[in-house]
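Pasting the structures in now, so scroll down.
Each of the next two complexes has chain A plus one other chain: chain B in the first, chain C in the second.
Entry: the complex of A and B
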């Protein structure tokens, strides 16, 4: 009975297996190198999975998705640094603040459709970046540095790094769970209706504006927490790193590579992309061409396999469409 | 008081060049519903084109013609590589496709040139009034922009090919039925838009120093301008550029320069939401008639 259930709906089990692998593998022999590698992969997976709520489900390209990550990082690092907040509280508040901001922004810019929306998201990211670069309480363009004492409550830097890693894996697990829950809910159905044909969805009674703003806000919470943890770990945040459009882009490449609109796709795409990126960066001949190769990859996907890996699998074996979400 | 006026005038002169860049962007959008995210890379291509032509000893303003031709040729290539297959597909696809192309080009650019600062020295006497100097290069850039914009207008409204472009913009099927080879027209339009971007890049290179990554900033300015002028509206783009220049000229005497970007983007997002058809939507009526 149990086994049949796993075969019939394997997605939650696949998610659980991936999260377990992330949590347990680096513990094997205290492998710090593997941990750092997987930490970055987890960040990419979080960004891609949440971005997929907008791109894959609602069909809205958010080029500035990194603004959530950066803003979350700033709120958290500032709270820890200037007000000596504990990391957990600061990261949670960062997520909440950014999510509420996204909801307010969302109601405004989600009146725009298609290309107009995409342009506005670039504008929001650049505007926030320029604002933060001028905002002196957050250190302006030099940013904020954390002192080493910030790690004391977590038992010193060495054990703090492990704690942050497990927290990030937890955020990753939550992202995947959110993606799954949304996809299998009425809300998710509404979003996908918007993605197919927004006017038709509106006519059929989908509260499009509210749904879009909710999706935008929901896709902000966990990336903001990821940003909080990530920048707490690097102990340093500045506008160019926090609002890096390159990372925004890479998240889009990851979503498209894995397959937009699926749950497993962004997970797979982000992991593969991060591995590829790592290999390229460490290979001497390619280290300068990381962006070129990511670009070529995206170009080929968009023009020839717009469904990404999962789309290809679904087309090749149509029966997997219902099983592998 | 005169200082503020001088700052505004200078802003308008530079703004006209932004307008020219945005005309390229908006022409492509208006005709083929594609937002060309390689725009920034094309502006940079114009900058580097001018830089290398001047190092060969060609005077900067004479080098503009080959830059224009080169931009056109690159435009044709980029069209067939990244745009042709995604025309008529959801906007997501063309955005991502041109975006990917941009990543490739900028990645190649940084691999070749790094992020060093380049600069094209142009000696042109300015005009000095009451102690304020209007730089010669700024004046020249604005004059050239006006002539190029005029030439584009004549091309679009008086020449057969220009009329074909407008026909494809308003209804591709009908144009095809009337014997217009629409695919070629689309390729031509894209190349024309890219040529405009590259020549505006060359003009910007005569004004300010630049790096491989400068394209991003000017591309964003082009978006702001395009949105001010209304997407798909070349005449509006020029007015939008002048409006942006006016705004920059107005802000500069009162605030640190770094705040300009913040204000620009606030204006950008507000205009986008409140006037999605642009501040100069009235110009559009003249266009479609």
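Entry: the complex of A and C
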């Protein structure tokens, strides 16, 4: 009976298997190289999975999604550096603060649709970047540097890196769980209706303005926590790294590659994209070429397989549509 | 007169008081006043561009009226968001079908049920959605994406989604347009069933035979103004109405005699 349940609804089990693999694989033989590789993959998966709430469910392309990541990083690093907060509390507060800010921004810019919304999200990112670059408590354009003592509460740098890694894997697990919960909820039904035809959704009774703002805010929380952990690990943060539109675009490529609107898609897309990116970066002939490939990839997907990998699988084997979410 | 009898017997469910909407230099709806009573089917007719669909938009909050008031069940709903209007039990269909294209027929109906008057959970919404799909004849299509329905199927879906909201008043915007005679007949039967279920209906329709057969009362619109109102026989004989539709009334009379 248990086995039948797994076959009927494999998505949660696939998610669990992926998370377990992330948690356990680097532990084998204390593989630090693999850990660093998977850490970056986890960051991409978190960004893509949360971005998918907006792009895939609500149909709003958030080009400046990286602003959540960067702001989360800033709030956390600042709290740790200037106020000696413990990492965990600082990361949690970073998530909460950025989520509330996103709710406020959301009510403002979500009146816009299509290309205008996409442009406005870039505006939000650039605006926040410009503000932070001139905000002296956060170090202006030079940013904030953490001293090595910041890692003492976590048992020194070496053990701190493991703790950060596992926390990131936990944030990744929460992102996937959130995506699953939203997709299978009334909220998700409303968001998908908005994504299909916002005017019709409104007439059918979906509180579109509130739902969009809620989705925008929800999609900010976990990326902000990921940014907090990531920049704590880097030990420094500055505006150009924190609000990097390249990473924003890469998250979109990951979502589109895996399949927007699905749960497994962004997970798959982000993992594959990160691996591809890693390979290109370490191959001499391609090292300066990696973004060109990403751009081409996006063009090809949008033009020929708008549903991404999952969309292709669903079209090829229609039966999978109901089981593989 | 029959009209007055009807008016006094039923209590007003929907009241429009002098509503108006201007688009640039054109007054699409110019001070429109009429009511829909409990249990009534009211037909809203008029030539193309008379302001019928705009009137619907003003009623359910898709557009904000420049003037006037919309009162539903005694509550002023003027300028309320469409999602709040449907919560109160006033649902509508669109003249140009608006399917949630890649979502299944069942999911389309569930959106209507879950965000309608009863604000249902997903499970309860699914039950209602299946019931309503049975009623309008979409039972065998539940798993299909809405985009794959025929035009008649999409019209049914429009109606089904609106019904899923469990409305007390339904605004139907040309649900018969584009259907073949058999489909028209079936749709008319569905509308009759709805009235028997106690749902009041305000409908826009160009198929004169159908609307004359269905409506208790007709409101005729021309250039955003109410031209006539009353039971169908009275309205059909009104010279102003004939002129609006056919041009000169005396000529219309000639044409009629010849036919």
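A few points about this structure:
As a convention for this text, the second predicted complex is superposed on the first by the 325 of 325 C-alpha atoms of A that agree within 3 Å, B and C clash if a C-alpha of one lies under 4 Å from a C-alpha of the other, contacts with A are read in each partner's own complex, and residues count from 1 in each chain.
Rule of thumb we're sticking to: a contact is a pair of C-beta atoms (placed from the backbone, for glycine too) under 8 Å apart; a residue touches a chain by one contact, two chains touch by 3 or more.
If you're wondering where the values come from, they're calculated on a predicted model, not measured in any experiment.
Following the overlay on chain A, a side-by-side fit with no clash is recorded for the pair chain B and chain C. When the shared chain is aligned, no partner comes close enough to touch A:52: not chain B, not chain C. Of the two partner chains placed around the shared chain by superposition, neither chain B nor chain C is touched by A:81.
Touch criterion not met for A:238: it reaches neither chain B nor chain C. Number of chain A residues touched is higher for B, counting chain B against chain C. Contacts of A:185 after superposition: chain C is touched, whereas chain B is not reached.
In the overlay built on the shared chain, the residue A:62 is in contact with neither chain B nor chain C.
Judged by the touch definition given at the top, the superposed model places A:205 against chain C, while chain B stays out of reach. Looking at the shared chain after the overlay, A:197 reaches chain C, while chain B stays out of its contact range. Superposition on the common chain places the nearest Cα atoms of chain B and chain C 11 Å from each other. In the superposition on chain A, no chain A position is in contact with chain B in one complex as well as with chain C in the other. Across the interface of their complex, chain A is touched by residues 29, 33, 35, 81-82, 85-86, 89-93, 95-97, 99-108, 110-111, 216, 220, 223-224, 227, 231, 256, 258-259, 261-262, 265-266, 268-269, 272-273, 276 of chain B.
By the touch criterion stated above, chain A contacts chain B in their complex at residues 55, 59, 61, 63, 108-109, 111-112, 114-116, 118-120, 122-124, 126-127, 130-131, 133-134, 141, 245, 249, 252-253, 256, 288-299, 302-303, 306.
By the touch rule above, chain A contacts chain C in their complex via residues 185-186, 189-190, 192-193, 196-197, 199-209. The touching residues of chain C, when paired with chain A in their complex, are 60, 62, 81-83, 86-87, 92, 94, 98-103, 107, 110-112, 114-116, 121-122, 125, 161-162, 165.
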